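Each remark here refers to the structure printed beneath this line.
Note that the chains are named A, B, C, D and E in the order they appear, and that numbering of residues resets to 1 at the start of each chain.
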Amino acid sequence: MIRFACRLTRPGFALDAAFTAGPGVTALFGPSGSGKSTVIRLLAGLERPEEGRITLGDTVLLDTARRRTVPPHRRRIGLVFQDALLLPHLSVKANLTYGRWFTPRGERRIAFDPVVEVLGIGHLLDRRPATLSGGERQRVAIGRALLASPRLLLMDEPLASLDQARRQEILPFIERLRDAFAIPVVYVSHAVEEVTRLASHVVRLEAGRVVATGTPSEVFAAGLDRSGGDRFALRSVLTARVKQRLPDYGITLLDHPAGEIVVPGLLPLGDEVGVAIRATDVALARGPAGDLSTRTVLDGTVTRVEADASGPFATVTVTLTGGDVIVAAVTRLAAAALDLAPGVPMKALVKAGAIDESGLPGAVPKAQPG
Amino acid sequence: MIRFACRLTRPGFALDAAFTAGPGVTALFGPSGSGKSTVIRLLAGLERPEEGRITLGDTVLLDTARRRTVPPHRRRIGLVFQDALLLPHLSVKANLTYGRWFTPRGERRIAFDPVVEVLGIGHLLDRRPATLSGGERQRVAIGRALLASPRLLLMDEPLASLDQARRQEILPFIERLRDAFAIPVVYVSHAVEEVTRLASHVVRLEAGRVVATGTPSEVFAAGLDRSGGDRFALRSVLTARVKQRLPDYGITLLDHPAGEIVVPGLLPLGDEVGVAIRATDVALARGPAGDLSTRTVLDGTVTRVEADASGPFATVTVTLTGGDVIVAAVTRLAAAALDLAPGVPMKALVKAGAIDESGLPGAVPKAQPG
Amino acid sequence: MYALSLTPEEWTAIGLSLRVATVATLASLPLGILAALLLARGRFPGKSLVDALVHLPLVLPPVVTGYVLLVLFGRRGPIGAWLESTFGIVLAFRWTGAALACAVMGFPLMVRAVRLSIEAIDTRLGEAAGTLGASPAWVFLTVTLPLALPGIIAGAVLCFAKALGEFGATITFVSNIPGETQTLPSAIYNATQVPGGDAIAFRLSIVAVIIALAALVASEWLARRSGNRHGAPA
Amino acid sequence: MYALSLTPEEWTAIGLSLRVATVATLASLPLGILAALLLARGRFPGKSLVDALVHLPLVLPPVVTGYVLLVLFGRRGPIGAWLESTFGIVLAFRWTGAALACAVMGFPLMVRAVRLSIEAIDTRLGEAAGTLGASPAWVFLTVTLPLALPGIIAGAVLCFAKALGEFGATITFVSNIPGETQTLPSAIYNATQVPGGDAIAFRLSIVAVIIALAALVASEWLARRSGNRHGAPA
Amino acid sequence: QETRPLVVFAAASLQTALTAIAADWQRETGKRVTFSFAASSALARQLDQGAPADLFASADLDWMDFAEQRRLIRAGTRRTLLGNSLVLVEPVSETPVALAIAPGFPLAAAIGASRLATGNVQSVPVGRYAQAALTALGVWTEVAPRIAGADNVRAALALVARGEARFGIVYATDARTEPRVRVVGTFPAGSHPPIAYPVAVTAGSTHPDAVAFLAYLASPAAVRIFEAEGFTVLR
């Protein structure tokens, strides 16, 4: 459990933010310059606030009122910097193992080989950082932070410079860390997909202030006005239980009170999972849907229609059987044609292809942390 | 017209790539470490190949056979580096105007104020680069390259560290450059959306070699096997003509032989536009579709079904009336249930919400280059 | 302070030393920066030799350096004669000669400092400037030079301080003519050569230290003003 | 070469000078690095004074420095007497004293070079190491020190070269005793004081230059080996 | 038996003569002598700080007085061994000047815009003697602005030898070693204080041969060497 509350002023910028973050991944989300990196630096102890208190579990990391502060190297908080910051005089290998020296032997929970394998940096071990490509550098930085076996991992846009395929490999690995080692992660990203896949908790910053906190679905399903006008950032998260695995087709059927949900990948039977669904991936059907490739059809009732007067879209909130809420972004034209209004029964259609399996907890990672 | 052909060897890495790029935006796409930045550096003249020839229009920039090379500062090629590389001793303003000194007066085609406004860096002008956030730095780097009014603009993952909202603002601006000033752009990005929105031409690199070139739809609609196994990277591009604008709803109807396409935003009447559609956003219907929020329903015939044996998905190619091709990623279960096979008549459903209007040429940008 | 009340000749020596040190520092800066650039970035045969040449005044006893200067730059020396006949510049027995001696003695210190700073500059910044249209000369002026400022300031301070203390080469080259070539260190040396001169030597040493301190404080201020280019958060 | 055939005394002086220069350089390195660190990163009152103190040997004529050393570290001097009674270390009129004199004279050069290099290090690299668990002392050892290596090497070379040429302070402090305190520059000085000694002085100067050249080449090699940390493409 | 060599601190200008004499002494007695040649000022101060010297040979009386006042030399051992004379020299490259050293002689005019090199008149003995001589001859005020003061005789000599200075005032001993200078004339002995090189056994010396070597410096063999160098040996 992280409790963060800090005030810090810079010419032209003031941070005044407080939030708590539980176990799992907490996403820091917000526009460029909103103070995300500053919060990360405060957590790591690299910045001193004018006033503030930060606790991690039972440990008070900072308490300006009592003039207490734990120096960065005693916090055992890993940090993946926005710009890698590899030690230029050390080989990649030495960079990776640097933190191990300082990790008490008993707490070296993360093994070298699997990390190197997942990050795909085995062939770079003898190189100097200056000869790495941008993405290679960032992968080494991630490995370096992991291999110090931190108690909390801070990641500042770690995957921004990586290709989709590599991201898809690293994301489940971060989840493994979160789950298998119970290392909490604070994660800065501009990619809504990443955030919804990883995070159980989102803190949205704007101009140094916390403007929203909550689960990804609470924050991202909050309507176009609250999502910064970006319909691609709107998400809902449905909670469902694994009912049946179809290994032949590589998919899993989930049981949800409003209907069956088809997701790619094979999840452990009986598990309860949260499925993140982008509002732009949800279609609505008033009557029967027809003979569609879309298999997931959920029953519910429209509870809210927010039309963005100036834009082409409306955000339609459908409360599903069982109480879960799903948000759809549809054109205002479609909203009018379907007569969408609160109280109208409605089917929500979700393409399995649009659900990202790497966001699902049981997804099989390519390698396992040691 | 850029003609590029270079060979360059480094310990553990060899680049041997040739491609041509026309006007407009050419995307360099490929996994981390595949040589994208190296190609960019070769184009800018910052790296000398062992053997190679590069021409830009009529100008020979490099010809190792004839021992000719134009030094970087005479190439008038702008470069946005992967890691900003702002001049640390100069203010943001001085960084932005640095290139102007060296631009012949008559060729200063890009005005200061609109660039600063679009990039949202007006409040930073007096600051030093060291005090900027990661995204702020990158925006200044973009502005700096633009304001030198280059003949060719190279951008190495320029938007990776920016939030979605900012991206949406900058992307149309880059298009304006491309269109209004006819500045060709070579663009490195891992974001397929960006690439399909911007690029008329994609060069896909792998391990230093060109593995595919063509239009985004050719490269990204090439099937799961050729797209690196990433179904989110699959795109199709349909060509349609603007038929009707519905200002009340903020949408435009396009005329396509296979049916009407609904896209967000108001496009100029009569224009022919290319609409990029992700394979994961296409649903298929065998019979009539029900009363759906999805308005775009296109008629066609299945011409190909590629099942990814190990994964959950199949790539279904539907040839639409009129000859355009659209690719859909559906679960293999759905493919089986719908009896998908070459020759089967099929309807393709595309949600308007999933079409990114910033990829459409007529989209109204927030500011205009001067 | 009574103890520091100085005689007119001492004031003259102080004024002269300030002039000599300032001229030596400023005049050797351009060449020093050039040499540093060459050694830091250049690749040419005989680089080690140039490097050794630059270090020579450090390695040789000052008396030897002074003698070499005398042989080369005296009125009868090849360079000295040429300078006199061509430009009418006379160095022998002039304060300008003292400045030359100090510049030569301070040169290795200056070059090293500037060179270190140049070597610490990320060459990719120059590349970035190049893509914006700056020719190598402009890159040097607008990127390398300002970023090497810490080294240039440090080099200038070292050269200035050395010039305040340099005595062996100076007296050998231009001898000790009050009002013309008798600098502060020569005056101090003179005082040490007579029994009972310690008090005078001490007093003049204090003056030298005060001047050096002022130069140091000024340089630190300059360095700070020129901007902290590292270590800021982001 | 016949011209360079040296007398046994000259060989002794060369050997002694090598020993003195090496010991002076190595022994002053730790203190020099510490002082550089303090001046580069420290914030404390009186920093300017420490800075001035470090520069003192540069500013004062070497004779004065030598005399101050003689007064402080001589057998009758407060520090000299204490060193002798406590540790049995005698500096006066020993080669160790010559090493001390050279170390003191080279100190400002060393400190400046190291300081410049330390100041050029991005402090965020130290922060990165800190988040990996390295305490400030470890950061110093594993980050600051290796990254300051170019400056440390440069500082050591300057100190070594200076020690090869230092004469004023040495001869004033420990005199000019063959086999004990007669270093190469003292021998050169002696040669200049006898009629027809120019040839000897020249010969010995060549030796000094050759040694310095070897040291320079070695240092450049070392610097290159320690890795180019800038300017690589990516 | 004492095997430690005898240590002699001597003014640099005595280097050639003393080295030759010590070689003879070693040949005769098998005993070694070590010298430290430096400026008299430095050596005197070093004695004051407990330098391990057995003999001190100064190039002027002042620093020997300094040593004596501080009881750095053994009482009764001090003796003024050598004398020297002061000469006016010019480079051989110049046409010989016709100048007779006499009261009021036109030295300043002969120097013209050039310089007269000698030791520094405030601190270097040869300079002080030169000032005294020129004052006694009544030409000091005219000549003073043209004086270039070197920090030792050999540096002054070098200025003349290289033709940088039109004239120089140096010791006779130095003038005869430099082929590139010509002696214009010798200053009358009475025009300046006697040029003297005093020697003494140091107070701290325990070396049994100190006194013997001091005596040897006055031996006929030593005298021959001194005189060959141009010194006048005082008895």
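Points to keep in mind about this one:
The criterion applied here is as follows: contacts are C-beta pairs under 8 Å (C-beta built on N, C-alpha and C of every residue); 3 or more make two chains touch, one makes a residue touch a chain.
In this text the structure is predicted, and so the values were computed from the model without any measurement.
Minimum number of contact steps separating chain A from chain D: 1. The set of chains touching chain A and also touching chain C is given as B, D. Across the assembly, the mean Cα position most removed from that of chain B is the one of E. Chains joined by the most contact pairs: A-B.
Taking each chain's centre as the mean of its C-alpha atoms, chain C lies 35 Å from chain E. Distance between chain A and chain E, defined via averaged C-alpha coordinates, is recorded as 90 Å.
The geometric centre of chain B is 56 Å away from that of chain C, both derived from CA atoms.
Multi-chain contact residues of chain B (touching two or more other chains) are listed as 37, 46, 82, 131, 133-134.
For chain E, the set of residues that touch two or more other chains is empty.
Within chain C, residues 63, 67, 122, 124, 189, 192, 230-231, 233-234 each touch two or more of the remaining chains. Against chain A, in their complex, chain D makes its touches with residues 122, 124-125, 127-136, 138-139, 142-143, 146-147, 149, 226-234. Across the complex, chain D is touched by residues 44-46, 71-79, 81, 85-89, 98-99, 101-103, 128, 130-134, 137, 144-145, 148 of chain A.
Taken in their complex, chain B has these residues touching chain A: 10, 12, 30-33, 36-37, 82-83, 123, 127, 131, 133-136, 139, 156-157, 160-166, 168, 190, 192, 228-233, 246, 249-251, 262, 264-265, 279-281, 283-295, 310-313, 328-338, 349, 351-354, 356-357. Partner chain E is touched in their complex by these residues of chain C: 63, 67, 70-71, 74-77, 92-93, 171-172, 174-177, 189-195, 197.
The touching residues of chain E, when paired with chain C in their complex, are 39, 41, 44, 62-63, 65-66, 115, 117, 120, 122-124, 147-151, 155-156, 158-159, 162-164.
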